[in-house]
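Just below is one structure, and these are the notes that go with it.
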């Protein structure tokens, strides 16, 4: 496969897509929202338990492509213990990264695996979908989030 | 001017358009209809008095271009004394002539002046407009005729 | 059903006329392009591009209202295009052809001009479960506006045929309209439209055929099909984007309310009311896509020069070959009928999402489409989120189908699927 | 009003960029073509034809739903076109741009999606007496459907200005919508749209500007004009036929009901109901005119390369020169303002019908338009059946205007008019 592909489907992404972490309903979630990608029809539901502005637990359910599944899995694994302000800042940086390829310092860790997505404009929404759902869950937005 | 133009605007046509014959309302008409050319918005009203299936008198009113005025004028001047069957046959031949240029025997007389119209597709409706109005008058069609 | 007279004589799976399509001769990510997304849009031969360029460089003007030479030429080109469309589909007259942007606009025109005036609460709009969103959503909108109800002819399952076992009772009153696709863009099924139109006609039910996938892919004789409406897109049959049309049987067109208001469609305008031209002009307000019609005309000439029987036979052979190769692979679920299919295959790979599949195929130069193919409700019914689709046209070859199978295997391997 | 900053520096009446327009270099009936029918449609420069050809020969695919390389390119080309249109008109965002076939479809979209939901019996739709049928008939249709009433801002007479003496009382409630043309295609009047939009906005009246004759003919800043809707056609500004657009202010677009139903505009489809994408995609069902957008983009680049101030100034100079020459002829009645006009002249010859005039001018190679110019009610008000119109673009020259005047004299002579 080409370099671009190996950038997109990095080992860590393939791993998380095959064996997603936190792939379950969170029974004691106090935030939750759906995300929907109109391009493909895929949906994800994100569950969060937030206490004192800190993420205590995160999980997700839904169906989607390898990119969106891995993104949800890595997101839920990366954000535990972060404050809401930190989450917002990570989201902003992640957004920049997947659309432009510029890895931002604070996106370190496994999130950086998604830097290759920007070369695949049609797949950017896949990588962002779970994040949109999370952000709308945290805002307790009453309507399902979409990636538009 | 080019030959085509001189074919279209023959002397007899210019003459009839400047001094149209039978350009009046026919008070004792027993047939009458409007014709309308949607291309330009021009209208003509044709009046006919028919007795025993023979045209006794014909006249017209309305506004239009040189071609439609001359066509109405020459038509009204040519058909007096014709039977309805003869009128129908002349109409059919006239129609062929202005769309194809083929002058048909029975279209003799001044009608033949309109043979040049076929080279000007956008003007064919002008030449036919009064005829359509006449035919619809003779059919006592209750709605205004149009050239479509 | 497919005319059994379409027999393939000697398409040996070579791509036809490839030299007319410069676009096909390029590399994508270092591999030769294998364009298998023809059901989405076809490529355009030089003849079509030359025809529109020639129009713009010699004859361009606005139509109908002009009297000068260029306008006469443009009007003639436009109206000749209408004649060509009528002859292409064997309509009785060019007056039965309305130009639109494509299939979607044509179907919306029917819903707007015929549907809103003729449907009311209690009426039933009968569609099939395999309709493209373009022949579904307009009817949902008109149903909401009029109170009419939508019902559906079921699809049998993975083999994707219409289940016609209850058709007579489904077609019973108060059905007012039957809408169906001629060829399914996601299954490859060819529906028995002539038979269904005949049944519908007997009940006085108006029929709409979505011809997006059949026009230009097999000979279509609208008098034989006997539908009231038929919609098609030029861009799927070698023509330009932005042009397509609606056939409407003269008798039904005469009774339809206007669609758009504006220039070219009026007879007489006063400040507060207007009268309209005769059909089809009544339904074509504003400056039309004149160059689009010129290109469409050239595309139809081009296709008939190859021969639509030949195109159909060629595409079908490729699809059957692809179907066969893919059945031999493990972990592949195929949709649509095995026999009598149109020139496409739709499939689902175990454990691999269609969008991952298509992204990876693209990296090997193979252009496929993945997704719900504007058939979301059907996908839900089949229990998949999406499928991958390879769709063929006359310029595709057996070698390209081989490449498709090879690439699928490589992708299965990449994802470490048991199948590979 | 025309920005007084548009001052002409050195357009000496030479036709600009003529070498880019092969079509202009031909003989008609033995005379060099003098194309003065630009208000109907403009000619297309090579740059536009090359851009669409290049699109078809390298990048053609369907947009949005595709994931393969060509589809990515096509989607990028299409969405870049939307950005280009937004920047061309200084919209706040490309999300405020909906692609349509042209002005007529854009105005019908407004009537359909905004009008039907927001107008009711007793409401007033205020238009001007100089509206093109495309900004009149859609409102007649929607008025009939909703019970709203049409009223008109009067035109002063032959000099063709809007009579704004009673505008404040005309704009008083229950006016819901004010529709007006930016530039009259039959008079050449440039209406004070910014001023009128400001007045309307103060009353909460929604504004629609018909930009068919202003787009690409002078700089248009939609934020400055402050309208809610602005419609335009690509084919009148060097672009291909079959493409144009609607600007709709984001806030109003958000609240609008869908237009056509179908592919590309949906978010989630069930058998009996659907949800829709965010604007502007919600209003673009089906495969759009992708190549048309590519051509439109190239046309806008081309025009901005010349400079729209320069285009405006050039066209205005030609129109003023033509106006002056024609006033000197006997038997000529001129319409529209003497000062501050756009690049066209509309006139009536005593005793000569416009269609005879235009037929004869064509025989001398001069392409004019004669008729009601899709302004029938205005013609009736002015007491003429039709007028002849010469409309200019940057490639026209003073010499061509001289030729026009010469040809008019010859035609007067041919018809033996006293004037000649």
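The first chain written gets the first letter, and so on, giving A, B, C and D; residue counts start at 1 in each chain.
Following the convention adopted for this analysis, contacts are C-beta pairs under 8 Å (C-beta built on N, C-alpha and C of every residue); 3 or more make two chains touch, one makes a residue touch a chain.
Quantities reported herein were computed from a predicted structural model and do not represent experimental measurements.
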Co-neighbours of subunit B and subunit C resolve to D
More Cb-Cb contact pairs, comparing A-D against A-C, go to A-C
Rounded to the nearest Å, the gap separating the Cα centres of subunit C and subunit D is 32
Expressed in whole Å, how far the mean CA point of subunit A lies from that of subunit D is 46
Chain-centre distance (mean CA atoms) for subunit A and subunit B, in whole Å, is 77
CA centroids of subunit A and subunit C: separation to the nearest Å works out as 37
Residues in subunit A with touches to at least two other chains are numbered 39, 41, 120, 122-123
Residues of subunit C that touch two or more other chains sit at 29, 65-67, 71, 266, 268, 355, 359, 370-371, 376
In the complex, the residues of subunit A that touch subunit D are 36, 38-39, 41, 120-123, 146, 148
Interface with subunit D, subunit B side, in the complex: residues 1-2, 4-5, 8-9, 14, 18, 39-42, 63-67, 120, 122-123, 126
As the complex stands, subunit C meets subunit D at residues 22-23, 26, 28-29, 33, 35, 37, 40-41, 43-44, 49, 52-53, 56-62, 65-71, 101-105, 107-108, 111, 129, 132-134, 136-141, 143, 150, 152, 233, 235, 240-243, 258, 260-263, 265-266, 268-274, 285-292, 355, 358-359, 361-362, 366-371, 374, 376-377, 380
Touching subunit B in the complex, subunit D uses residues 29-30, 352-356, 359-360, 363, 370-372, 376, 379, 385-386, 410, 414-416
Interface with subunit A, subunit D side, in the complex: residues 64-67, 71-72, 75-76, 266-268, 277-278
